[in-house]
Amino acid sequence: MMYRKYLMAAATGLCLAAAPALAEDLVIGLSMNKTGPLAANGTTNDVAVNLAVEEINAAGGINGNMLKVNIFDTAGDPKQAVTATRQFAKDDGALAIIGPFSSGECRVAFPVGEREGIVQISNASSAPGLTEGFDYAFRNTSDELTQFRRLITAMESHEILPANVAIIYATDDFISKSLGEQAFPTAFEEAGIPVVATIGFQLQAFDLAPQVTELKQANPEAVAIGGTVEAVQKVVREMRRQGVTSRVLASGVAADPHLAEKLGADGDGLLYPTYYYHKLNDEVLSFQEKFAAATTAAGHSKTIPQHADASAYDVVHILAEALRRAEVTGDPAKLEEERDAIRDQLKSMEAWNYSGILGESHFSEVGDAALPTHVVEIRDHDFHLLDTITE
Amino acid sequence: MSGYLSGVLVAYLLNLIIAYAVFLPGAGGILNLGVAGFVAIGAYASAWLSNEMEWPLAVTILLSMGVSALIGLAISFPILRTRGVYMVLATIAFGEVVVGLLINVEAIGGAAGYPVFEFIDLPVIALCTLAVVLFVVWLMSTRFGLALRAIHDDEPVAALFGVSVRGVRVAAFTIGAAIAGLGGALYGHHYAYVDVIYFTTLVSIYTLLYVLIGGVQTPWGPIVGAAVFSLLPELFRGATEWRYVFFAAVIILIMAVRPEGIITRALLLRLKRRGTIAAPTKEAAQ
Amino acid sequence: MTKPLLEIQNLSKNFSGLDVIRDVTFHVNEGERMALIGPNGAGKTTMFNLITGVYPVSQGSIRMAGEDITTASDRSRAQRGIIRTFQNIRLMPHLTAAENVMLGQTCHSHGIWSWLAPVGLQSSRSRKEADHALEVSGLLEYRDMLTYDLPYGVQKRIELARALSAKPKLILLDEPAAGLNPSETDDLAQQLLDISASGVTLLTVEHDMHFVRRLSQRVIVLNFGSLIAEGTAAEVQNDQHVLEAYLGSDRKLEEEVAT
Amino acid sequence: MDVLQQLISGLMLGSLYALLAVAFTLVIGVLNFLNFSIPGIFMMGGMISWGLMSQTNMVWWLAMAIALAACVVASLLVERFTYRFMKMRFGDATEHATPLVSSLGFLILFQGLVLIKWGPEMQYFPSPWQDPNLRIGELVIGLPQLASLILALVLVGGLSLLLARTGLGRAIRAIAESPDTAAMLGIRVNRIVPAVFIISGLLAGLAGVLFSLNYLQASPRMGDEIATLAISAMVLGGLGSVWGAVIGGLFLGLVQVMVIQFFGAEFLRAILWGLLLVIIVVRPQGVFGGSKISKGKF
């Protein structure tokens, strides 16, 4: 008896959720990690997106139509990411989708978007090769090898290249593993820097003492860490505890405006490449201010935007420009052609000379963004921009 | 059908198939917390056979069920020697070993995961789920099912009436492994990607959780249990962060009110009896 | 007519050094009605557990219809026709009365089809047999009820129906009359005599001596795991060893054990 | 020198496993109930003390005391809705899978509440001391880790004394043998069982606090990884054996460090769990346990 009631309630709930949008609005979907294991970087993405949408609508919308965003929280679950893409494509009549957030979600949701013929632009995934082979898949992030190469270029020009390095990375996580086994070794080999030790750990491991003892034995000048922000914190703290003073090189996935504060003195000398530097210029600073106001109003404890927030904000502006150029009307009868037109515009984005808070960028042939890389260094509990490299 | 509904439905149906993989041994009192390992084996086997061998889907799926069943058969003998908490831990250990090994096999992508090219959509998944439901309902109505339920209630007495306790338990575990393999294969082909991080012990724990919530006494339990697990959080979708707290509270509440699961035999018999009693009174009124 | 069906030879059992059965030898003839009595803790239920294969024996042998079954599994003993009831009723609580009875059929269900054909359907042979068995025992009304909330007496009768549906050669009855009122006990005795008349051998553990006298042709007495007397009920009741075992005094056995 | 450092690291790591393993083994040994909410209570120990210290600037010892109190309350809440509830309704609390499932529900509940309060990020746990490390030449020994090792040994020693010598201990052991017999002997089961949950919750919470002090971190999911290892440690030591859990924990810490040193972290999972699988199947009473096998229910 009870379960029948549940099923009825479930069915009505599902119908409500699937209500179509008003025809005159231009709908875009936002597939995000409001909750779930990756929510640390994802939970405020909607705030950034809404900021951009408000700006666009306040300036008169797109060809006279208002932009409307539908939000779906996938909780980082690939299955739900698929549901999100399907809902946006089939039920909501969305013209394009911002997201999915993570690499794991992109891998299952990109094929769905491809079948449905709808553009998806991920704002955070950075695993190599995600968009390859897809016509409708894009991402407004930068791949790790390019970023790390540029970090080494910056070190070279500042004459702080280490004589030898050690690599430590999480073996059970895709991005960390591709950093530790591909991006780092490739970049070091190109620069002619010998790798004296390669050590693995598990992403969830909390005790890295045995690995750091091995590291200490190798005594490298610098240590490249392949792992997330949390993994970098764990490794650095254990290194300093065991008295390993080597310089730390991190990757784009470890970029976090809070890292300097989180690491304190332990972080001195740490370098990482990023496509979003939160102190870059006035434009970025004004975005930060707006973001802080909006997150505070929404009751978030996190008020400083991270790269996923900044990227999501830029994606809205890029999409708005694409919609404008494709002259979309939001007419449901022409949905399919207009979705294709948006994709075609994104494919030829290089001609726009577009510039956002991530700097000047466009999508490459495979759908990855060609973003500038900022190399930053932590010194005295704060970030300092070492260099910005675009080519 | 709306995209949202079909997305939720696919997730529900896949959860349901895996629920039956846990239910079948569960009906005989075996708690399998390593089911994610079998799901992973099925997913990777079917993906590999279809990607590398380019065999037709029907063949790769059947073979992946076979692989999962064989491994289930082999592991069932040592695992079924254990009891209670030990069995829970042994099955957890099995699931972890599978994941720990798969993540190091570069031929199937290792930690990078493994893309699957052949696509299976909702209708096929729905048909497979229906087949699994019918199969399990039928199996539970046979003498095999009777013996399995008898083992759940009183293993020594079942043996004293001629039930081959070990045979029935091994068969239930093995068939469960095959069903888990099917669930995994469908999962991989539908989501076009398999990655060991989808097959963690947490998945096994949650599956056992909703099977127990549904009830292991009748084959209808998993249908309800999987619904509670897959659809309830959808109802609370608007509550964002709070939805898992509500979900947890509902679980605790359900278990307090119905400790043998929502669907019990007593409930079904009561409903049936009410039906048969209601019928004659209608006639009498005419 | 006096061919032995069950032969127990020098049987011993000890649990971690404690002798529970000591060198017991007896036999039960085909078609016989025999009783096994003894004070609490004498090892009667352990003897049943050894005969049915729940415990392995420590020493000695058990033969059934001439074949050595000392090391046979509990299941194969059931298939040879040794079936028992329990002192504390052990019906399957989540099975209906009919399903409990059908479970009894398992030991003579051979072949893949008897395992894979639905037994729950009203039209199946197993189900018809079970319904018939319940009808004979006057239990048809409980057919589709779960057994755990049925009255005690009804549960006892279902247990007996389950045992019979196994088509046993030898039924071991562990205190069948315990907890029954006099009229129920009377019905039970009559039913057991009928069962015996149909050729089934009975071995009964029972405290109620009236019941034992009425039912049993031969009685054996266990005390502290040893066989201390054997004979008819009347002979045993006047045996000095038995009286001492029960009383340690000269009160009559009947007064003590009947209460 | 390095091998020595590795041994030290292994022992220190193992002492944390040991504390949590004792929390598990106590509830299993006495009530035959695998309490899945323990990782949640462990997490609350770390997160609540972090929250109080960082957000209200509370002095560390007070923050930790309040966190431990919260853990005890949480543990009692679990007792109320799992063990006691079942006992009142069905007489035998472990008859059904309810305690197992409900305790999982509580794990989700505790994690959910902490997530709502503090978000999913891993938090930096401020150390109350400047350099909480003992340095002997090249060797480094974390003082909080040393403290948790000593504390684990002292607490467990005290616990086994309590179990062996006191009235409470005798009552707990009687309940472990058979709750019904214990009740017949006049032991007030409904008052002793909460005591078991109090001790277990306290140990889990303390392990959480020490974990955060050791690794200077706290996160809503910090219990997930360590709990499976603590359960393994308990299995190694033999279910229900307090000293077994301690030895199992220390042993597991050493094994983990050695596997990382000689095989690499990528094989840790397969080797560790493979080893456990073999042990459970071949020696279910545990490597260090006697021949006593648990009743094997929940």
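Per-chain numbering from 1; labels A, B, C and D assigned in written order.
Operating definition for what follows: a contact is a pair of C-beta atoms (placed from the backbone, for glycine too) under 8 Å apart; a residue touches a chain by one contact, two chains touch by 3 or more.
By chain, with names taken from UniProt: A = ABC transporter substrate-binding protein; B, D = Branched-chain amino acid ABC transporter permease; C = ABC transporter ATP-binding protein.
Predicted model only: the values in this text are computed from it and were never measured.
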item: Contacts common to chain B and chain C (chain labels); value: none
item: Omitting chain C while every other chain stays put - resulting connected groups; value: one piece
item: Chain closest to the middle, measuring from C-alpha centroids that were averaged per chain; value: B
item: Most distant chain from chain A by Cα centroid; value: C
item: Gap in Å, rounded to a whole number, between the CA centres of chain B and chain A; value: 35
item: Distance between chain centroids, defined by C-alpha means - chain C, chain D (Å); value: 49
item: Centre distance in Å when chain B and chain D are each reduced to the mean of their C-alpha atoms; value: 30
item: Centroid spacing, where centroids are CA-atom means, of chain A and chain C in whole angstrom; value: 74
item: Residues of chain B touching at least two other chains; value: 103, 241, 244
item: Multi-chain contact residues (two or more partners), chain A; value: 35, 171-172
item: Touching pairs among all chains present in the structure; value: A-B, A-D, B-C, B-D
item: Footprint of chain B on chain D - complex, ascending; value: 28, 32, 34, 36, 81, 85-86, 89-90, 96-98, 100-102, 104-109, 111-113, 115-116, 224, 228, 231-232, 235, 239, 266-274, 276-277, 280-281, 284, 294-298
item: Chain B partner contacts - residues on chain C that touch it in the complex; value: 52-54, 73-75, 78-79, 83-84, 86, 90, 92-96, 99, 102-104, 106-109, 114-121, 126, 144-146, 162, 166
item: Complex interface listing, chain A residues touching chain D; value: 35-40, 43, 171-172, 199-202, 204-207, 209-211, 213-214, 216-217, 230, 233-234, 237, 241-243, 262, 301-302
item: Chain C-touching residues of chain B, taken from the complex the two chains share; value: 138, 141-144, 146-147, 149-150, 152-154, 156-165, 217, 265-266, 269, 272-273
item: Touch list for chain B against partner chain D, complex; value: 31, 78-79, 81-86, 88-90, 92-94, 96-97, 99-101, 103-104, 201-202, 205, 209, 212-213, 241-242, 244-245, 247-249, 251-252, 255-256, 259-260
